[in-house]
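Okay, got some structures for you below.
Shared between the two complexes below is chain A, which has chain B as its partner in the first and chain C in the second.
The block that comes next holds the complex of A and B.
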């Protein structure tokens, strides 16, 4: 854990991409998220850590309104993307999700070919004017997800036939292909082996050049390795939010310290 | 002893065996149940089952085989005695059986005694009228040979019955003694009972399969005798269906097959889109409260008897179609295309309504089986709900949906009542859906109802039609199952 103080941390003030204030989430009777305030910066990796059931995935799913698909879920408070409230009635959820992409815990490629998996989003949003342009988009996305070399000869093979790590990178390529501004990742490595995890982490670091990335993770080492900002959630509340280096070496809150040293969780 | 009492006796012995076996097992450890290999009741079941099952099996087997053996022996006797007569052995045999039965009834009602029968002389006693008084009608006077044979038949039956009772009771006693002797604290009664349960379940499964095989074979034999009387070329390749009970009929399956397929096609055209859309609505769009009352409501359609659909076709849909497409200037469209209420369209529409819940409920299950993660992935990319359904959910569920449609098709092909009442009875090749047409199933009904002679091709053709229908639906079902099976492996 010492190395992360060495990695250069960009502490310049960046644009705020997402600003969440006083967010409350209820699942029926359960109060899942209590009064959370977070600012997610552009071109930064923000990690959400915390014990299971602390609400970090729920909060992540609020950021692209994936919680809308759950009937009993209600969200209160303000979440601003580039200064616009995403829960405003005038906001088109579909447009929002195109801007805020998501990668899930379990790799979930469609039972289609690798090419069609990646081309799915661009086709829906009419991003390509022709076949050759679509080919370019697919190749670019696959290259960005660091999987192009492995699949370029079998783009027509089914995406479900790939290995777990490849499937997850394919899902990242699929999310990247729609050119989102923010990429949400819900424990993207929990179903992967260490080698695949390392590949995905490397990828996340590269993605930071273009997107703002929010990652939920159970692994504190992973948070320390890939993120610049870290938010610690506990029992539905945001306990502490700050520079990753500071959170891991010099936390302000005693609960953060106990979690990091392994006493809660 | 009547068989009923024999069976009751067996069950009584078995119940006693249960109590005794259980008691002995508990005794063998001096009352300490924990030291037994199995729970005490397993020892009881073991004794009860070993008493009951072999005896019951023997009883069943004996009851089936005895009449066959006795008939064979008696008919052997007759045919050697009386080959000079010009009656067939089969007819004689049925006479013998009737006389034998009649004598049995007479004895049972105390009208005759066994001694009287033994010394009876057919030439002096008018047995026919005496039996007729008892309500047993014989076709002709009883000849001495037949009376002798009947006596033989009776004697053998009595002897066989007695032997059967002895054997069955003996088997029960042996089974009881053996299992009771084995009952001991180390005896693995639980495993034995487990094997019995396995055998019972396997028996149930094989009975269902054997019945199917039996049905197929019975149809197959009748079909073969049909093709012995009628040329297969006319049946499979002819173009006319014109049964004529005075003989010389033209019996071709093709016009009937055309009607069947045409009506089924219309039914599927109605059922598949509506059923599929209903399934998509229920599984993807409806809130759980809507779904919880809409789905059972839709499935009520599946519980309506087909005869009621038939009435609906005849009384509501048919006249409605006539009002739209017929009646000239009085009709809605001012057309004269349709005259009668029975038509391909009438039957097809109503059958389609019948199939809606079939398609929707199967498709609904299949669509629900598509993992939520697929929908999340698509929605997360900014697809709308309908794009998700169209491009991800339906393609993933498609093989299963095709399977559901094929199953619905095989139901449509086999459907009878709606077609009888809604489609008419004219066998012909026509593409006009407003004309009456007929199907394989309705022709089977009409060929087998009324006064029929089971040796004429006009009747036997029903079996050939039935077998063809069976082959058709079986093929569709196998295809559907194969498709559904490959679909199951998709997400692993």
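The block that comes next holds the complex of A and C.
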């Protein structure tokens, strides 16, 4: 682990974008997330790692309230986005999700054209005042997702006709088109081949300039490559949270060490 | 050293073991059962279709008799002033002598020898001939005094004679026709005055009384069926799709929605006559909507079709992958935007198919119509407006077929089969539309 190349670390203190404290999640009888405290910094990539079923995806979905769609799911505790409780009764989830975008594990483009896929979010949020403005937003989002060159000649082709890696980058373009402040990525590369993975990872690093990115991943190498902060989840608890370099080279908790060296998982 | 034979201790791959043989035999048997089942159903279908076509095709042809009728002024317009109110005072009885005179003259001209009297000779014409003449005169009073050529319907007996249903031996006990009539018909056929041609009135005309099967048509009951289907479409589609969207996408999953779900599934299995008696009690007895009206029929059929539409719509909605909902919610679409922008378009082919199947079911339903009085003799002509089409008494295609099938005259029996052909054509074309729409809207994801 020591000889693994790590991205440069920002040690200077940054703004806290999301502050989660004492978060408990229940699925009916199951206690899925136990008392998690995490602070996610602005313009930083935070990786959630941990074995399957440890609750990292569940916790990620709490951050933009995607868990609301699951009836049996209940969330307790505080999650503050810029100091505002996102589970406050006055919060409209639609506004929240415009601020906190999400990319899913499986590429899920709408069965519409590439253009419509990206333009959908800006359209429903009223971000463009005309066709030309919308065109600009779409082009910018596709460029940011590093897929513009590949699709610029076939914007009217169906998004579902792209390859897996292209589809995922299209989904990223769709997520960044609404100018979110935080981008949540739930195992964005699990369905991709190594080349597409490398492209997405490169992309994540670029996105860090503008957004706060939270990424759930099964690949520890990926976490080490793209993130500045890493959180290790195990059996629903947050075991350790800190600088990525420190987690991978000098973990405090024996469980973290066991996991990253491959003894549990 | 092992020989190659030793290595086959588990049995050679080139030989089938007993187990494998039995398994393969079972598989072959199963395939044969399948083929046999398909063959039997195809055979049944063929028998059904050939029976329907062979018995019903006759209804689309009708025997007509061409006659020159002199519209005598002294009979039709005694005052000679072409005043319509005066002309209308002459009833169909006043027109009968003109027809008698015409047929007598024709027979004499052709030199046909017959033992029949003029009145008897007129018996080969439909009882509606005089009415046809009167309608013409009222529409064209200017032609009074002229000699005009008419194509009259032959009676169902003569029509049956030309179609092979009636023969000299079969009419021995028939009071309304005698062998002499058939001789006369033979002579007229030779003279080219009687011919059997395609009869559009069967498709567009109204039903006729028991005495005149030759004049009965499906047209008005087709209009009745179409207005009912319109009512069903206008009510069942929005209500059914709305209910399904709410239940599937918005309603909390608790015991209340469970009970609703079970009830909807049970409603789909309720016999249609139950919906009929419900319609009678609620729409007619309680709400006092007009009896026998397509509006009431449509309401009853809506109740009957709703479960079908709800069940198929819910199935179509739940077949849309959840990842699409996640994607839409993830970019900040509201639940309603998610449903209407993404889920509904993807579910549309399924919803359309379900709706059209429901409509086809409604179109072919007879039992509930019996109870709200939509079965019976409706001699009225086509309704003049959409409102009267919905509110005035009417029949429906299957009810009309049932009505004809229970009448005594075998000529009606032929018309019932003919009506079934029309009904099947409607159903097949609706299913075809369903298939085409499905193909067109189907999208991959």
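Heads up, the rule we're going with is that the second predicted complex is superposed on the first by the 258 of 265 C-alpha atoms of A that agree within 3 Å, B and C clash if a C-alpha of one lies under 4 Å from a C-alpha of the other, contacts with A are read in each partner's own complex, and residues count from 1 in each chain.
Assume contacts are C-beta pairs under 8 Å (C-beta built on N, C-alpha and C of every residue); 3 or more make two chains touch, one makes a residue touch a chain.
Since this is a predicted model, take the numbers as computed values, not measurements.
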- Message: Quick check on the superposition: with chain A as the shared anchor, is it clash or fit for chain B versus chain C?
- Response: clash
- Item | Which of chain B and chain C A:144 touches, first, second, both or neither | neither
- For A:69, select first, second, both or neither according to whether it touches chain B, chain C, the two together, or no partner. both
- Query: Can you pull the chain A residues that chain B and chain C both touch?
  - Reply: 64, 66, 69, 71, 94-95, 97-98, 101-102, 104, 106, 108-111, 120-121, 124-125, 160, 171, 174-175, 178
- Item | Touching residues (chain side chain A, partner chain C) in the complex | 64, 66, 69, 71, 94-95, 97-98, 101-104, 106, 108-111, 120-121, 124-125, 160, 171, 174-175, 177-178
- chain B-facing residues of chain A, complex: 64, 66, 69, 71, 94-99, 101-102, 104, 106, 108-112, 120-121, 124-125, 160, 171, 174-175, 178
- Query: Okay, in this complex, where on chain C does chain A touch?
  - Reply: 252-253, 321, 323-334, 337, 341-342, 346, 443-445
- Message: Can you tell me which positions in chain B touch chain A when the two form their complex?
- Response: 287-288, 371, 373-384, 387, 391-392, 395-396, 490-491
